[in-house]
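Note that the chains are named A, B, C and D in the order they appear, and that numbering of residues resets to 1 at the start of each chain.
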Amino acid sequence: MPTIRLLIACPDARGIVAGVTGFVAQHNGNLLDSDQHTDLDHREFFMRLAIDTDGFDLTPETFAAAWQPLSDQFNMNWRIHWGSPRKRMVILVSRQTHCLADLLWRWKFGELAVDLPLVVSNHMVGEPLAREAGVPFVHLPVTKDTRPQQEAQILQQLDNARPDFLVLARYMQILSPGFVGRYPDRIINIHHSFLPAFTGGSPYKQAYNRGVKMIGATSHYVTSELDAGPIIAQDTARTSHRDTIADLERKGRDLERIVLARAVRRHVDDKILVSQNKTVVFD
Amino acid sequence: MPTIRLLIACPDARGIVAGVTGFVAQHNGNLLDSDQHTDLDHREFFMRLAIDTDGFDLTPETFAAAWQPLSDQFNMNWRIHWGSPRKRMVILVSRQTHCLADLLWRWKFGELAVDLPLVVSNHMVGEPLAREAGVPFVHLPVTKDTRPQQEAQILQQLDNARPDFLVLARYMQILSPGFVGRYPDRIINIHHSFLPAFTGGSPYKQAYNRGVKMIGATSHYVTSELDAGPIIAQDTARTSHRDTIADLERKGRDLERIVLARAVRRHVDDKILVSQNKTVVFD
Amino acid sequence: MPTIRLLIACPDARGIVAGVTGFVAQHNGNLLDSDQHTDLDHREFFMRLAIDTDGFDLTPETFAAAWQPLSDQFNMNWRIHWGSPRKRMVILVSRQTHCLADLLWRWKFGELAVDLPLVVSNHMVGEPLAREAGVPFVHLPVTKDTRPQQEAQILQQLDNARPDFLVLARYMQILSPGFVGRYPDRIINIHHSFLPAFTGGSPYKQAYNRGVKMIGATSHYVTSELDAGPIIAQDTARTSHRDTIADLERKGRDLERIVLARAVRRHVDDKILVSQNKTVVFD
Amino acid sequence: MPTIRLLIACPDARGIVAGVTGFVAQHNGNLLDSDQHTDLDHREFFMRLAIDTDGFDLTPETFAAAWQPLSDQFNMNWRIHWGSPRKRMVILVSRQTHCLADLLWRWKFGELAVDLPLVVSNHMVGEPLAREAGVPFVHLPVTKDTRPQQEAQILQQLDNARPDFLVLARYMQILSPGFVGRYPDRIINIHHSFLPAFTGGSPYKQAYNRGVKMIGATSHYVTSELDAGPIIAQDTARTSHRDTIADLERKGRDLERIVLARAVRRHVDDKILVSQNKTVVFD
């Protein structure tokens, strides 16, 4: 059963909630859920509403005009998702396929209500997984010297696939600022450390060398600065002196799969607002 | 800075949120936070609002009359706390004093914004802790044959102390239904297991004998049925075959202290609604 | 690189460790790891040794005779695994396939060093997963009236598959004591609750109705008493009043997959000794 | 009941365990526990043995001479603790007293089997806590310009107190390399972040600004490089966008108390060996 999700960010003021919920009631909307947050540092207000499609007297065609006065009054940034059609997700992956396999499994199992038109990889290793799941797979290899060309190839593929968002499921190439700029707050990455510790390459090796007693995984939106985008989800797991780097990688794979899936789910359900390089997650 | 908390439970219906937030706005209330939940099984609606005292044009004297029409319209159970005066908490404790020590420390440290007029115990071991904290301590010993009399003594003490709620910080006596009935959803207990596993006595011994790989602690409101009241907070910790019962008790003490403190904090901040022997915790 | 694992249980006594490690040294064995535990309640001693195959001058043919005197001296129960050939694992599954999919994925990925000759199910839903992984799948449906016959069919299949151990990856049929007795401490089950809470059917529904704030999963060896066998691994996850039964099931699937995989891994690596219906896990 | 703990580090070689446990058996020692670890990167071997004092025929006076040949054979670094007298612990603290209060409580409760001759602080706020616990408290204030003098005063106090180790229970002054060099691997610090993230000052503010979804605490031995010493224990807790810096501090206090207590306990029980700026924790 699809539900309408309305997300709002605006300067804090009195009467926003009353104004918004009054608007919904006035249009015969059944409010299934509402959540709000005020960032007191920046006097910024955030709100998420879930509205039953049943009975609501506005449509994708008529909503914006009806909403305009309230939006103007409170100087809102807002977006609405009508619950259908489903969001379109494209996955990028390199050699490590555990996150890809996990997302495909959740998708087939019905945990992720998205369309999945494409998997892109600079390696062939994920091809059988995509094929078994019935998802088109495009192999676009890349070398140090062919990055711009390969990115152009990816973008061409995305023109056809028309994704709403991208998931970097252990895609180990750095995307150019130009590429990233096309999908603001819509590229989800999984980094295999508890950020901001161990940015960059080989975080498990870094963790091993530092002798930490826990490892972590972090899912975040990609920005032009490496591993510095807004964090969506994190988790940690215990380690000991007995763990080799291979053990950390193995334990880490379970963390990565679960943290990435949690972040993707939050994005799909329109539960995330981004501000000040941080996320508000209405979970 | 005190804030007003308004808690509502009523049959689910359209327009409740708009009605309530409209009421707040109409009385010039600044909504600091609002959270809601609908129990779809029982078609019951729950809401918690935090309202800035600054500017709100209703008072403890005038609120009820103004609120009455809305309350009638939606058939509400509701309560309001005006942020001051602070709630009055009385602690009951037996021989194990780690939870008492922890609550006293949090209270002195400013983590628990309550008045603490009394500690009651059937043993003397907690007396120095209460004395150092400057809290009156009453020793009311009890035997199998003197339970009714001792309960009567406690109630007499409570008449003077006028608590808003009681905390059983490892108080190992079972309270009579009559006693419990005087403080519905206002007696917070800590049970040293992951309920509903290991109800009753010696849960760590039970856990040891069963060979579990984790232990837990559960804080819940006391009802007339032993260890079966609405659960407020739970947590778990890892154990291994190396742990003796004494080790489980030691690990458990840390769990108990944190879980009980979390539950008390939620209660003090009016974040809990009880329905169907379950809690809605707006955290 | 295969390693030899030697597991010992015997009455506690002085000199066992010196005797055992002296034996290994005398036969030019390189001790890669050793771990021990004494159950003080029952005065029982447990030990696990990992020995490098390289240089050890005993073989599967000559070990028992050389070991006999020491074993007799300390009245040992012992077993040895030479690291190869790999253990043979058979999976039983019903309608819920997330644990099956996870085990197959770990197996293909190289996390589980076992042979996997067979998947048995009373439903067809897992067949595509097994086929894609290249594992034979046998469909043996069952009704209330055909349990003995179906168990006989399973046993016939197992005669051919010759498993070292069985994994019940959400196999929802109760095995007869006769069946269980053939594989003592060699049938690993995953129960979707924090045992001993919520034994039997529909544990997530039970958890929902009780209003717990955490759910759990438990992996244990199967004994003739339902959900009462020695616990190998457990874990928990937070829930809230917002979680429906479907949400608990979704969160639970992640728990179940990880807890079962952890238990299977421990079993495959010969890290578990069973005594007094409890496990010693040398992890 | 005191037990003897013997800790060994040496280059990896065949026969160490047999040699060591044979030595213990030869001297009629009852081995209560033994644990070992080999660092394959550096070919270094680590071992911890717990030996019953009852029956062991060596004494603090005779052990070294008897042990010498084995120590020479394997080129060992080793130390032995005879279980008594108890270790002497001195606590340093600044304005934040939650870790001090927690350690004092555990000490009084019997969880920490140490002597506690002194608390040193550059502030007076912890004085009542020490006084109530019956522990001498020395106030040694410090300014930017008086650091060397204040360190000299501390060292003078320590000359009298003769501590085996120091605990920095939120002591917010940086100790000079000279000071640190006097207590190698014997100064335990608690840092209020998940190291190596957020080193230096105000880690909760750093965490808040970065928008992490979990916070952490790290206990480590102090070395001359700030927040870079060998890690003994770590733990994490969930946070959300709703948490202010004050909330992170509150949640962090619980983490800090538990992580520091865990580290101190491991040190007191001689469960830690340090090598390559990492710890081997035989837990």
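One rule holds in what follows: a contact is a pair of C-beta atoms (placed from the backbone, for glycine too) under 8 Å apart; a residue touches a chain by one contact, two chains touch by 3 or more.
Since we're looking at a predicted model, the values are computed, not measured.
Q: Could you let me know which interface, B-C or A-B, is made of more C-beta pairs in contact?
A: Top pair by contacting C-beta pairs is B-C.
Q: Could you tell me which chain lies farthest from chain B when each chain's centre is the average position of its Cα atoms?
A: Following the centroid criterion, the farthest chain would be C.
Q: Based only on mean CA positions, could you tell me how far chain B sits from chain C in angstrom?
A: Roughly 41 Å, centre to centre.
Q: CA centre of chain A versus CA centre of chain B: separation in Å?
A: Chain A and chain B have C-alpha centres separated by 37 Å.
Q: Residues of chain B touching 2+ other chains?
A: 37
Q: Could you please specify the touching residues of chain D with respect to chain C in the complex?
A: 14-19, 21-22, 24-26, 28-38, 55, 238
Q: Which chain D residues qualify as touching chain A in the complex?
A: Residues 37, 39-40, 194-198, 210-214, 216, 230-236, 240-242, 244, 276-281, 283.
Q: Can you list the residues on chain C that touch chain A in the complex?
A: 98, 101, 105, 109, 111, 132, 250, 254, 258, 261
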